[in-house]
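After this come two complexes, each holding chain A, first together with chain B and then together with chain C.
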Partner chain A sequence: MTPIQEFLENLKQTPRHIRESAMRNGKAPETDRERSQSTLHNLFLHMQSVRTDRRSLRFAYTFGLGLILTASFVVLTITGILLMVYYKPGVELAYNSVKDIHFVVPAGRFIRNIHRWSAHLMVLAVFLHMARVFYTGSYKRPREFNWLIGLALLVFTLGLSFTGYLLPWDQLAYWAVTIGANIASSPREVTDAIGITAWFDPGGFQKQLLLGANYVGQESLIRFYVLHVAVLPLLISAFMGLHFWRVRKDGGLSRDESKPAPPARIGDRDLEVFAPTKTYGLMAVVRGRTPVVGRSPEGSVSSWPNLMWAELAAFMFTIAVTLVLSYFFDAPLKEMANPAIPENPAKAPWYFLGLQELVSYSAFMGGVGIPSIVLIGLGLIPYLDRDPRGVGIWFGGPAGRRTFWQSLAYGLTSVIALLAVTVNFGWLRTWFPTIPQIAIIILNPATVIVAMFSAWSLWVLRRTGSIRMSAVALFTCFLAGFVVLTAMGSIFRGPNWHFYWWPSQWPTH
Partner chain B sequence: MPDSPKRRDFLGLTALWGVVIAMGTALAGVMRLPKPAVQPGPLRVFKLGDPAQFAVGSTTRVETGGFFLFREEQGFHAISSVCTHLGCVVAHNEGEGFACPCHGSRFSTDGSVIGGPAPAALPWLEIVLSPDGQLQVNAESAVPKGSRFKV
Partner chain C sequence: MSGDPSRPFKWVTVICSVVTAGFLVAAAVRENVSADWRGHQAVFRGILLSKAKDDTARATARNLPIEIRQVVVPALHTVDRCVTCHLGIDDPRMTDVPNPHRVHPKKLLAIHRVEKFGCTVCHQGQGAALNFEEAKAEDYFWDYPLLPAKFTEATCASCHDPRALPKGSAEKLVLGMQLFEQKGCNGCHKLNGKGGQLGPALDNEGLKTKHQFVRANLKGSQTNWNWFAEHFRDPAGIVAGSLMPMPALSQPQVEALTVFMLSLRQRDLPAEYLAPDKIDEQYARLHPPAPDGAALYHRYCAACHDTGLHSRWDKKFARFVPGIRNAAFIRAEDDECLAENIREGRPGTRMPGWGPKAGGLSDAEVTALVAYLRTSAPAMVLPPAPPRGEATRGAALFAQECAGCHGMDGKGVIAPALANPVFQQAATDAFISQTIRAGRENTPMPAFGRAGVSESQIGDLLAYIRRWQPPTKQARSQRP
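Let's look at the complex of A and B:
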């Protein structure tokens, strides 16, 4: 071969060589060893284990919710960066720049719609994911701490949603900032009632920190912008990394360890078992000669390609859903912010309407007190329920299923009954107009709901003698309460937050 | 003294805590930044013109100021239109009082709470006559309920 021939041959082969050098595992894997290497030798895949338990791939166990969350976050990051190209965070400019994105920017409306719909999908999925993890007992040892990280992710997701819908600076945005900032300052309700605001004013401090001024204006918008595009995305990314890492380190997805994995199907290529042949003891990973991993290798399949297909499917599903919704339904943009007149009724997006309903009883209890109680309660669940049984089984078995249905019925009826009383007969102030504010802070429909739920959960604890059952009862009640209050706020509340069966009954003016 | 720490441990711990304290102090110093030293904001004192232009029995909504101005036989009074619950702007219904569109708080004609979640009455605002003879309302300064301004 002459030098010139060699040169030409190398030139011809260059694309293939670049591909081979870029992928540490050049070709499509054929044996189990190569399949495991394609996981291990890839930066993006090495977070996953080489083998995946068959039960972790069952759709009816996870519904792919964690993956849907990840996928929607990726979509949100990409579309968010695109929107930042045109968005201008100024009170005079923001509204018109969003209008430009909607009507003038090429594909701007579509990108904004995708951003909005994947945000809604993410909020919905974060609630469903939490319910899935709870009802399958997946928060139990050794996964307690990952449950806490998940709660932080829930808070960040809601924070991102809240800061996000403020940015267009339309009527929804302006009044949401006003209400949000006043909820932050609502501890004043308590400090005022006991008369110590002059010395101790955490509410005022929080409000000042959020708004950067005494009123809602440019300082506030830029603060929420920074939170939305920098602080919260960085925090949520870091916590997502931690969350995934803990999923791996805590032994993968939870499953029922008391039973062996289902046997592999006959004729499945994965039947060939990946049995560790080298001595892991040499790497000082474990004592003894064989690792504990792969106790039942016949129950697992190689992650490449089985897990990859599942993950791709979840990503495709997320993207398909957001694209279809974005094509047919436009993200709303109300009139430009008008500090003189709020909309009537002024409603938050659906996921905050339950809170808005609670806030309409007491600002402090509904906006700060109850959410804190719920978060602390959720965080304590894995530390109070230490019973290792029932992990990986929906509701922990038939008894849990029964408790779930009973608690759902109890939660729905009690909250609906209480709301019916409130709507028809009013509350303490209607009956005793001069009642002091502190009495309403302590005793209002929101606190009564929490008391009713706690009583039910304690009763279940006494009856069944199982902390897990009482946790299922409490969680289900709060889920029912969340659904009822959200429906109440979104459908049945009209102008002046009065009760109407249907928006067509709203008075015209 | 069997329990006394070794000199090396002591020095190590001192260094460790020194680092912790230094980092904490630095963090506290940095976190001073988001707390504004001055409170930017528009002037909340409003001149409303010649008192004579307000007819007896009239109600005037001052949108920019966030209050209602009432002229009655006994004199002028101004009631804030910012809901004490979460800061929405209340609407005034003649003879009934005030209603908040956001969370359903209701106030009587003198601003006291008669329903809903509002924790306090709508404040009455200070009215003076400015040196150039105009009616002037200070939206930052509350006066006791029932105090009226006579020209």
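Let's look at the complex of A and C:
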């Protein structure tokens, strides 16, 4: 072969060589060694296990929420980087740069819409994902620590969404973050009530740490920007990696280990289990031509391509939903931030409106007390409920399902009734105008809600004798409370935080 | 293959991928290709071609790039993209073409070059926008929506003294300015630091955002100009509890006054944008010419005191407003007493102070006002007051004769409050006793001297009335 022939041959073979070099296993495995290497050398199978239990692929078990979260994060990262190219984090520039993104950046408006909608979707999905994991008992041994990592991811997600809220520097952003910062300073309510703020002021410290000043301004904008585009994304990426790794190391998605998976079916004929032990090789590449080749006795299926399709479906679903929403509904952008003209009502982002509703009674309980109680309570769940039964079953079975519905009804009615009382008759300050604030800090709708929910949960514990049932009761109550309070804050509260049945009834000013 | 566990996922993937691709393409088309401004520029290219007279012009028209155009004015912090659609705005040939291609009317751009001024400094609106609805920005979360053509004159005042403009160029604005002075608006509203304090100061009315207006009762358009128009028609109907009298205004007058309100803008424009007459106007404000008493009276006093010849029943205040140019009153007051009343006002009544620290009038202006009031009658030498008598006897007489109008506690019912500290400080015994004795012509205050009240009884009344005298600053009232 002359050099020129060799050159031409190489040129001809280049596409094939590129393909082969991209895939570490370019060709179908032939030897056992290659079979094992095909696992070790495959990125997808490096993160996923080789076999996937059929039950893990059941849509009604996971609703694909973890993948929707991952997909939202990927979408947010990509659109976020695109927005970063045009966004200028200065109080004089920020608003106009967002306007320019809206008006003149090619498809800028669409990109910003996608970023906004993905963020909402991610926050919503993170709540639903946590509820799914809780109700299927998936936090139990050996997955306790991954539950804690998940909680950290919840906090980071809310932090990302909240820091991003300020960046457009419009009235909506400015006043929402002002509210948020005031919530951060809410320990002052307690230190004021006992008169030690002058010496010990954790609330003021928190607010200054958040804003870099006493009010929302340039320092806050830069701080939020750095958190939003660097600190929190790095943290969340690291924790996501840890979270996925633990999912795999803790045995994949949770499932009912007491029962075998339903056997693989072909047509409507049960396949006979042909071997009680793992006789298949890695990737289950078994020589032979029987119908069961490629299936395992445990009813697991090969991750590649079955799991790959499931994950791709969740990704594409997330992207499609986001794009449709972004096409029809623009991300809000109000007037440029103006510290002289407060928004009325000034509302925090929707996921904090439940807290803001509680803050309207007692800043400390709504802003610090309740969030701490909820986070600590959630973190303790896997360590207090160590009963290994019921893992992988929604609500742990029919009894749990009953507890869920009862607790949901109890949580909804009790919180709605409490809010109805406060809307119609006011609270302690209305009845006893001179009452010391410390009394309200101790007795306010937030603490009443906690008391009512704890009492219910204790009653369930005594009645059923099951810590799991009592946890289901408590979690469900808080979920109901979150939904009711969030709806209250976002829909039914108007100017001066007065109650209105519908925003169209708001007075113009 | 039946029984393929991936099958539903494959379907979801395929459907969602199709939706994704579809919406990506749709968005790309909507955002980049089908924008309105591209159509306008294509039409304008056609117009240019039809107007082209030679080959060079035709070539220019054919090569007109379809692109976003903008006027960046760093000095005004504006980026105005209006010219993306209004391509013919400074092309004098574009007189017979429809908007947005038409040339700017009145050849105004010849003196206000687009590159120097941009568009929004005069017209307001959202200059960054690339479609008309968002550029107009009436319902688009924008603080300064496009001024309708009939109000555009308002922004002339940012750089010009309207009175110095050539005749016919800002007529509405000038009319509005005159109305403001004639109707006595300054009696309750401050402007440039001068005026009453019953209503809000109006210095920055034109730059307020709609959120700074009380719009609870505003029907229809929520724009500032509609607020002004509705408010001039019925002030209390828009701002509940407003004491502002309803000025009887014709429709053109409402429009003119609205233009004037919108022209009140505290803007720090770079000096090179200000017309010389504007600088003269600002200089004149710091170095005012000799004040004209009559003009001052109409501007600051007439809204409440009207001609001042009679006392006036004010329905909104629910009391008599004294006739301060009434000859009987002016005759009885000396100049210093008048000046003191103007400077300090009457605390507790609707009469504000007008001194430099309150209403903002300079000493020279107060003196000019006093001189104007004095034209009604010269100060007379008051007959001496009788010695102060017995307050308890005075109280009985006061209850019988005076309390009906002045109130038993002297706080005033429909007549002036006698327990008022400024009154007690400014009025001498001689003034009070002369007023009781001779009454006040053209007001409900009768002449008690002629009705049989004796000098000693006047002394008793004096003693009773002086019980309301504040403890300090008694110098003037002690004088005969």
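Heads up, the rule we're going with is that the second predicted complex is superposed on the first by the 457 of 509 C-alpha atoms of A that agree within 3 Å, B and C clash if a C-alpha of one lies under 4 Å from a C-alpha of the other, contacts with A are read in each partner's own complex, and residues count from 1 in each chain.
Methods note: contacts are C-beta pairs under 8 Å (C-beta built on N, C-alpha and C of every residue); 3 or more make two chains touch, one makes a residue touch a chain.
Small disclaimer: the values here were computed from a predicted structure and weren't measured.
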Which superposed partner A:F103 touches (first chain B, second chain C, both, neither): second
Which superposed partner A:D170 touches (first chain B, second chain C, both, neither): second
First (chain B), second (chain C), both or neither touched by A:I341: both
Which superposed partner A:P507 touches (first chain B, second chain C, both, neither): second
Touching partner for A:Y327 - first (chain B), second (chain C), both, neither: second
Which of chain B and chain C A:Y361 touches, first, second, both or neither: first
Partner chain(s) touched by A:M316 [first = chain B, second = chain C, both, neither]: second
Touching partner for A:P305 - first (chain B), second (chain C), both, neither: second
Footprint overlap on chain A, comparing chain B with chain C: 341
Chain A-touching residues of chain B, taken from the complex the two chains share: 34-36, 39-42, 63-64, 66, 85-89, 91, 99-104, 113-117, 119-120
Footprint of chain A on chain C - complex, ascending: 2-3, 5-6, 8-10, 12-13, 15-17, 19-20, 23-24, 26-28, 31-32, 68, 79, 81, 126, 128-130, 134, 141-143, 209, 211-216, 218, 222
Chain A to chain B touching residues, read off their complex: 175, 178-179, 181-183, 186, 189, 192-193, 205, 208-209, 212-215, 217, 219, 223, 339-346, 356, 359-363, 366-367, 426, 429-430, 433, 437, 440-441, 444, 495-498
Sites on chain A touched by chain C in the complex: 54, 57, 59, 96, 99-100, 103-104, 106-110, 170-171, 264-267, 301, 305-306, 309-310, 312-313, 316-317, 319-320, 323-324, 326-327, 333-336, 338, 341, 507-509
